[in-house]
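Going in written order, the chains are labelled A, B, C, D and E, and every chain counts its residues from 1.
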Amino acid sequence: MFWLIPLLPGASAFILAVFGKWLPKKYVSWQACLSVFASFGISLVSFFGLLKVPPGSLPVIKTLFHWIQSGSFNADLSLQLDPLSSIMTLVVTGVGLLIHVYSVGYMAHDKGYQRYFTYLNLFTFAMLILVMGANLVLMFVGWEGVGLCSYLLIGFWFEKHSAANAGKKAFIVNRIGDAAFILGIFFIFLIVGSGDFRAITGAIEGGAITQGMATLIALLLFAGATGKSAQIPLYVWLPDAMEGPTPVSALIHAATMVTAGVYMVSRMNLLFTLSGVAGQVVGIVGALTAIFAATMALTQNDIKRVLAYSTISQIGYMFIGCGVGAYAAGMFHLFTHAFFKSLLFLAAGSVMHALSGELDMRKMGGLRKYLPLTYPTFLIGAIAIAGVPFLSGFFSKDAILTHAFAQGQYFIWALGLMGAVLTAFYMFRLVFLTFFGPERIESHAKEHLHESPRVMTVPLVILAFFSIIAGYVGLPVVLGEKANLFSRFLDPVIHPGPEVHLGISTEWLLILVSVAVALCGIYIAYVFYLKSPRTPHRIVARFPALYKLLYNKYYVDEVYNAAFVKPLVNGSQVVYDNFDLKVIDGTIDGTAAATSFAGKVLGLFQSGLVKDYTLVLLLGVVIFLGYLLF
Amino acid sequence: MGIFLFFLLAILCVGGVLGMILSKNQAHNALFLVFAFACLGGLFGLLDAPFIAAVQIIIYAGAIMVLFIFVIMMVNLEQGISPEKKKWTLGLSAVLAVFLLVELGLAVRGMLGSLGRTGGPSIGSPTELGRLLFTDYLYPFEITSVLIIAALVGAIVLVKKKEKE
Amino acid sequence: MSFPILSFVTFFPVAGAVLLIFVPKEKTNLHRYLALAFTLITLVASLTLYFHFDGAVADPQFVEKSGWLGYGINYHLGVDGISLWLVLLTTFLLPIAVLSSWTSIQKRVKEYLIFMLLLESGIIGVFVSLNLFLFYVFWEAMLIPMYFLIGVWGGPRRIYATLKFVLMTMFGSLLMLVAIFALYSFYYKATGTYSLEIFDFYKLILNPQVQGWLFLGFALAFAIKVPMFPFHTWLPDAHVEAPTAASVILAAVLLKMGTYGFLRFALPLFPDALERFLPLLSILALIGIIYGGLMALIQKDIKSLVAYSSVSHMGLIMLAVFSLNTEGVEGAIYQMLNHGLSTGALFLIVGILYERAHTRLIKDFGGVSSQMPVFSAFFLVCLLSAVGLPGLNGFVGEILCLFGIFKTSQLQAILAVSTVILAAAYLLWMYQRVMHGPITNEKIRSFKDINKRELGYLVPIIIMMFWMGIYPQPFLRKMDASVSRLLDRVHNRERIFLRETSQTTSLKSDRAAEAEVDQTAKKILAELEEKR
Amino acid sequence: MIPVGYFFSLSIVLFVLGIIGFFVKRDLITMFMAVEVMLNAANLAFIALAKAAGSPAGQVIVFFVITVAAAEAAVGLAIILLVFRQKKSIKAEDMRLMKG
Amino acid sequence: MDGLASLYPLLAVVAGALVVLLLEVFIKKEKRDYLGYVSLAFLAAAAYLTVSSWNRELTYFQGTLSLDNLAIFLTLLFSLAVALVILLSLKYIGQQDANHGEIFALLLLALSGLMIMTSSSDLLVIYLGLEVLSISSYALAGLKRRDEKSGEAALKYFLLGSFASAFLVLGLAFLFGAARSTFLPEIIVHFGTAAAPSIMGFFGIALILVGFGFKVAVVPFHMWTPDVYEGAPTPVTAFFSVGPKAAGFVVLLRVFMNFWDTVPSSSVIFWALWAISALTMVVGNLVALRQTNIKRILAYSSIAHAGYLLVAILARDYSSLVFYLAAYLFMNIGAFAAVIGLSKTGTEYLELDDFAGIGFRYPWIGGTLTIFLLSLAGFPPTAGFLAKFYVFSAAVRAGLVPLVVIGVLANLVSVFYYLRIVVYMYMREPGREVDIEIENPALFLVLFLCLYGVLQLGIFPGNILIVIKQAIASLPVF
């Protein structure tokens, strides 16, 4: 029955797409939410069912029909359920459901209401295909499908240039990764002869793949992941993606889609482990991204952009996890991140809603008292992400950093730690600027200032709840061998990796360091933005170049533009003008003209004079006879 | 004697043609040509073709050239027409003509000797020709009738006045 | 003898054209309905081909053969797993083309429809002919209606465009004709009998030098038709000037005649020459992919953008064909159909826009989506099909093509995969500039969303896109046998040798092989003798 | 007892002279005369060759050629007259209404 | 006397000419159409007499007249051509100020010339036939007596024609000198038996080629063609473009049929002809590109077609040559018929600009002209394509690949100018006011006959092809 999980939202999307025009809003919201709810229900049922399945008969596979079959290229339309995908389905349907509900309130007055829910359902469908596809090709289908939905939803308000632009950018940047992904799939097909995950596992275990080949494939696949999961160097689309409706940012660009890369890497963990080098690359890219994105988040004034950079940074953490071989930890962070990051986004959406769409933090402040529900939930999210103990973010981040340290990846660990300071800092900068301090709200916004309706706040509360408790399924090993339920659950799918034993004291020490770092970040934020709000200005004045660099996001967009887009477009123009029009067409037209000219020249003999005609005839005779003579 | 006659006639004939070429006046041209054709008739005679010689003189020198002269009189130009003015056409044609002469000369050079000499058994007696015309060459002979009709109709249709005129 | 279904499908449109001649000029609507009826009946008739086609058989089916002019010139029709789909594509698109010109063509409707019907016959004829003479007749004859369609009903530079189209195509096909003559004479010299049957020529074995020349003759004709870089420049001109329906047919079906030609003639007839020219052709195809994509990026006219995208897509198809493996060739055939649907649909969509705006320049548009939401959805689906999004037809073909290429040469595949990025870039950028953003041109505010007729011809295409994207098995399975037979031929696995004294020589050099060859040849000759 | 080759050579010279005449002259009538010279040169060749062959056939042929020449002359002069009536000129270079 | 029967067709035609001439005196000007009908009747009689001799291999006059199957076929073809031209003339002569009953007589006489040429293997007879044809043609060209162009055309045709025929006579003399005969079989035998064929003989062949090359208009002996075609009355041009050309090629066929294989160093002539053929195809098509007068375009096109026909001679595939001639007859006369259709009293619309937009205004004329042009350009499924197919495939079989490549490329050039006419007819907005007199049933009859011929020969030429093959096969080989 689990194969219904993706199909229900899919069917709903289809109905909405075809008939949405004629359906009332109320019906649309019910159908959309219920379909996801049903999926969520089935996911839960299947999850518990899965607990009873002996590890040997995993994964459970349901083949719907043969999809593509040609020569040695085979791809069935088959869905699988194993712990990894089960967790993902739960996250996707669960968070998705809440966001569907939230959207009912958030989008209530939008004229594209039906369209919005069509896209949202379609996204859920595609994401579920991604996580449940039993082979790489089907995974790629979902992979592209979520990309499409992301494109559609980012550009949802396509009348705005920026939105349309951002959507397009997201799609194209993703496609760059996808191209590499496709090549990776091809290599696997070439070696394994199939794209089935089981077959791939079998091939790796059977030693069919050499280490070098594994590296190549893994890197290609990871290149795909950098696109989808917004890692260096392909992260540039994600900040712009904030042009979409906020629930979309929450669902797609925080909780689910962008983490698909992490899921994929975890799914292919055997390959990465086999390669070794590839894992190293993943870890380093993840770490660099984590800190790089965090620095950019420092100076942003747009509340959603801060969150976007934070997402990039957090996904970096997940990749650190994968890179150091702690796939379970990476997945765990994915799991917790889904809650608190969507919470943060939804809360931010609630703030926006309250301020009639205002996103600039400089025009907020002191909102605490106006938004009695949004404020605490947002705060919970911020604490969770900052890595304060006893909230979910703490456990997952700590697991990653511990593993990094344990693997001897001190450099990565250090970067991660630095990122953690920054994370705590910019999150609380956000909190303080938004909810504390003097009010800087513009007057017209203030008139409408109100807390969001129930339908929006309830999901906030639920998410806040999970942001707190979700961490407890994966307690650190320090608390007991069996404390990490999450990791144990994933064991059948995830290669356990090299056994690492840190001393208990070391582990506690690491935890303490993490905590200290988080608190430190919060404190600095407190000093900068509440205690002495002038400090930031002073620092800016001291390091104007640095500030400008950060504020402009290291000019990466500009560099990409100048290095790739412009040369490509301008170069093409030059080639078109000069080669296509002048050389090729010139040759063709020139041939025609030359032929015509030859005709004209030959026509000159046709002077109308009898003697000239005779002369030609005589010439012919003379040549003919002369030829015969010699 | 024969040789002398040949050269005399040949020179006269060529002279006649040259005269035609060099003279401006059409009437003179025609007369030069009549002269040349008459000489040619003589040459035919030398070649044991008395009948053709007669025909040549009667038809060519007589009929055809008279026709020319008629036309020349009908056209009645006051002054003659000088030779070609387009120098390069003339030059090129002269060059080509010389080439042609050389080519033809080279071609026949080897066989000239094998052609034999005049004299010997007579072949061109009118009786013989007449017999041939109405036996072996009856068909061509009949065709000439069609030819002459065609020429007749053609000439008439081209020069006759329109009915209304 | 059963009902000559192929002849019916081929010539029924001609009957329609003849009928139209006698319908008075003024009754334009009657003309339209009649043309639609004829194309629809043809479609229905061609569907029976689909249902009765046996995918397990590699040989042509529904064969009709009768003598015609003697000397090897026979009337010989048949479809195999390759041509079947192209025939169906043609019959499927023609009613759509007729519908799409319902209102956009107001002048000389009668003549327009007559040429449409003639065009249909010509194209189908190309795909079903199994005799080279017949093939060539259709190949050339089909140029004429296209010539008129572009030249009479086209845009301002139509005359230049149509002459360029005809002359460039003919340049290639005339040289191909010479090559056909050469084959004809080689066959005659080898066997003492005249034949122009394609399947007879497959048995010929020519020396590589000769093969090279003949191959060039054929390949040039097809390369121009495809069009492969650098013979592509007629395509944008023709597309920009052609009326919508002609563009649709041109892109969707006519270009396929080139790829079909490669599959049917250039590859199996000259396997040795192919080996020699394969690197060159692959490089050209590869350049075509990237070059077409880059050129599409900067086009200012939507139609020429789509035209250059065709260059890119056809480059991919050609490269897949040249990969010479099952995946590549099946993918290429599949992609031909996809390209037919998606590019055809894109041209229809441009036509819809043009009918409203009377311009095709990208800069004149912007924000059309808000005015035409339904239309924008259709546009998007067609565009995504062209981009190769999974779930739509384009993906299946593209991934098979790329995989086929990959199997043969990883390097080529790495370069070819750039089409995935480029296609997204130029199409989405165009879509954004046309459909998104605020409305800049006041004229757009008066645009009406698509009407029922437009819906009527877009919906079948969209359905096909989804069907072919989600359940491609029926399509692929009917190709299998024919494709593997084709590849056997290309790879020299199945060759019947005909030996001949002077002109042609056997390739196999070692003695054992020679003896075997002789024996086979004797057997074949004996069979031929018996047949006679 | 003259070598026949002399006649034959003369015929070639005459033929070429005819050609030269054709190009030198500008009035249509004389140009036509030059053509007649060429024909007569050919006739001379025929008769010479007939003599060499010892058969009268060549002479018969010449007889036909002369007939043809006569017929041609009739039509040709008619045409020249026709043209003269139209253009009041018999200069060859005036006849270039059509060219290209 | 059986042989006499071989003379009947010729007699019928000549008698027709005489009867027409006589009747012309008695018939009122308005009723001159009847002269045409009388001519047609005689043509029919001639055709009947010809057909009845099929397979009888009649010869007469010691074989100088032999009504073999090839001659019969061509006689029929010529009769048909002349009949079509007569039909075209019926209205034209009144309309365009060429109102002479003599046109019919002259056409019949020209036809008799064609018949004489094609039914003999004696070069003298052929020469005389050619002259009958030429003299009638000179007169025909000048038939529009008030039109300066017509006069000029006649003059140019005549001057150049007699110039060329002087070469022909010289060539005859050379051949006679070399072979002692004018009878083709004897000449060939002489060439075949002579240890080394004399240079004089080859000069003879060459000069004869000049004479016939002039008649069929191959480069460089083609210069008269465009001017004469332009100036002559259009039906006469139509006749010129098919009749003399076909007859000339049949003579070449008879000359070369046994020449290639019998004569030891025939390759010398072969390569000369090769060059002439290539030159003809290229020059004819190239010069046609810049023409704006439709009659000139068709004139150059007819030059180019002579090149294609030469290819057939070189390929030694004579049935394809004859088939090409038949196809060419229909498409070319058809094209001229359409051109004639575009006229009114006193005016002919011949400039391309006049053709703008007429395709839709006069759909029948435009449509048929288009088909004829496409056939000339060699598009299937028309006779023109099949004809080229046969010729070129035979040429490739004979190993003439480079020549065929030149040919098809030249053909490509021709496609441009043929299609340009179509461009004017259908794709240009009408410029100058063009209005024509439509009622001309005879013209439409011709159009339909030619259309039928073009399509029949293009799609189902079966029987005609068989007839041609038989005719060629029955020719003597030695």
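Everything that follows uses one rule, which is that contacts are C-beta pairs under 8 Å (C-beta built on N, C-alpha and C of every residue); 3 or more make two chains touch, one makes a residue touch a chain.
Fair warning: this is a prediction, and the values are worked out from it, not measured in the lab.
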Graph separation of chain B and chain C (steps between touching chains): 2
Chains touching both chain A and chain E: B, C, D
For chain D and chain E, chains touching each: A, B
Innermost chain, where centres are averages of C-alpha coordinates: C
Pair sharing more residue contacts (C-beta pairs) when A-B is set against C-E: C-E
Greatest separation from chain B - chain, by CA centre: A
Between chain C and chain D, centroid-to-centroid distance (C-alpha), Å: 64
Centre-of-Cα separation between chain D and chain B, whole angstrom: 6
Chain B-chain E separation of Cα centroids, rounded to whole Å: 31
Centre distance in Å when chain A and chain C are each reduced to the mean of their C-alpha atoms: 39
Chain E residues counted as touching two or more neighbouring chains: 124, 128, 131, 135, 138-139, 142, 145, 154-156, 159, 163, 167, 177, 199, 203, 226-227, 290-291, 416
Touching two or more other chains - residues of chain C: 167
Per-residue overlap in chain D, given as positions that touch at least 2 other chains: 15, 18-19, 22-23, 31-32, 43, 49-50, 52, 55, 57, 64, 68, 71-72, 75, 78-80, 82, 93, 95, 97-100
Pairs of chains in contact (touch as defined earlier), listed by label: A-B, A-C, A-D, A-E, B-D, B-E, C-E, D-E
Residues of chain E defined as touching chain A within the complex: 155-156, 159-160, 163-164, 167, 199, 202-203, 206-207, 209-210, 214, 219-221, 223-224, 226-227, 268-269, 272, 283, 286-291, 413, 416
Residues of chain C touching chain A in the complex: 164, 167-168, 230, 232-234, 291, 294-295, 297-298, 325-327, 330-331, 367, 369-370, 373-374, 377, 384, 389-391, 395-396, 399-400, 402-404, 406-407, 410, 413-414, 417-418, 420-421, 424-425, 428-429, 431-432, 435-439, 470-473, 476-477
Residue ranges of chain D in contact with chain A within the complex: 19, 22-23, 31, 92-93, 95-100
Chain B to chain D touching residues, read off their complex: 2-3, 6, 10, 13-14, 17-18, 20-21, 26, 29-30, 33, 36-37, 40, 43-44, 46-49, 51-52, 55-56, 59-60, 63-64, 67-68, 70-72, 74-75, 77, 81-86, 89-90, 93-94, 96-98, 100-101, 104-105, 108, 111-121, 123-124, 128-129, 132-133, 136-137, 140-141, 144, 147-148, 150-152, 154-156, 158-159
Chain E-facing residues of chain A, complex: 592, 595-596, 598-600, 602-603, 605-606, 608, 610, 612-614, 616-617, 619-621, 624-625, 627-629
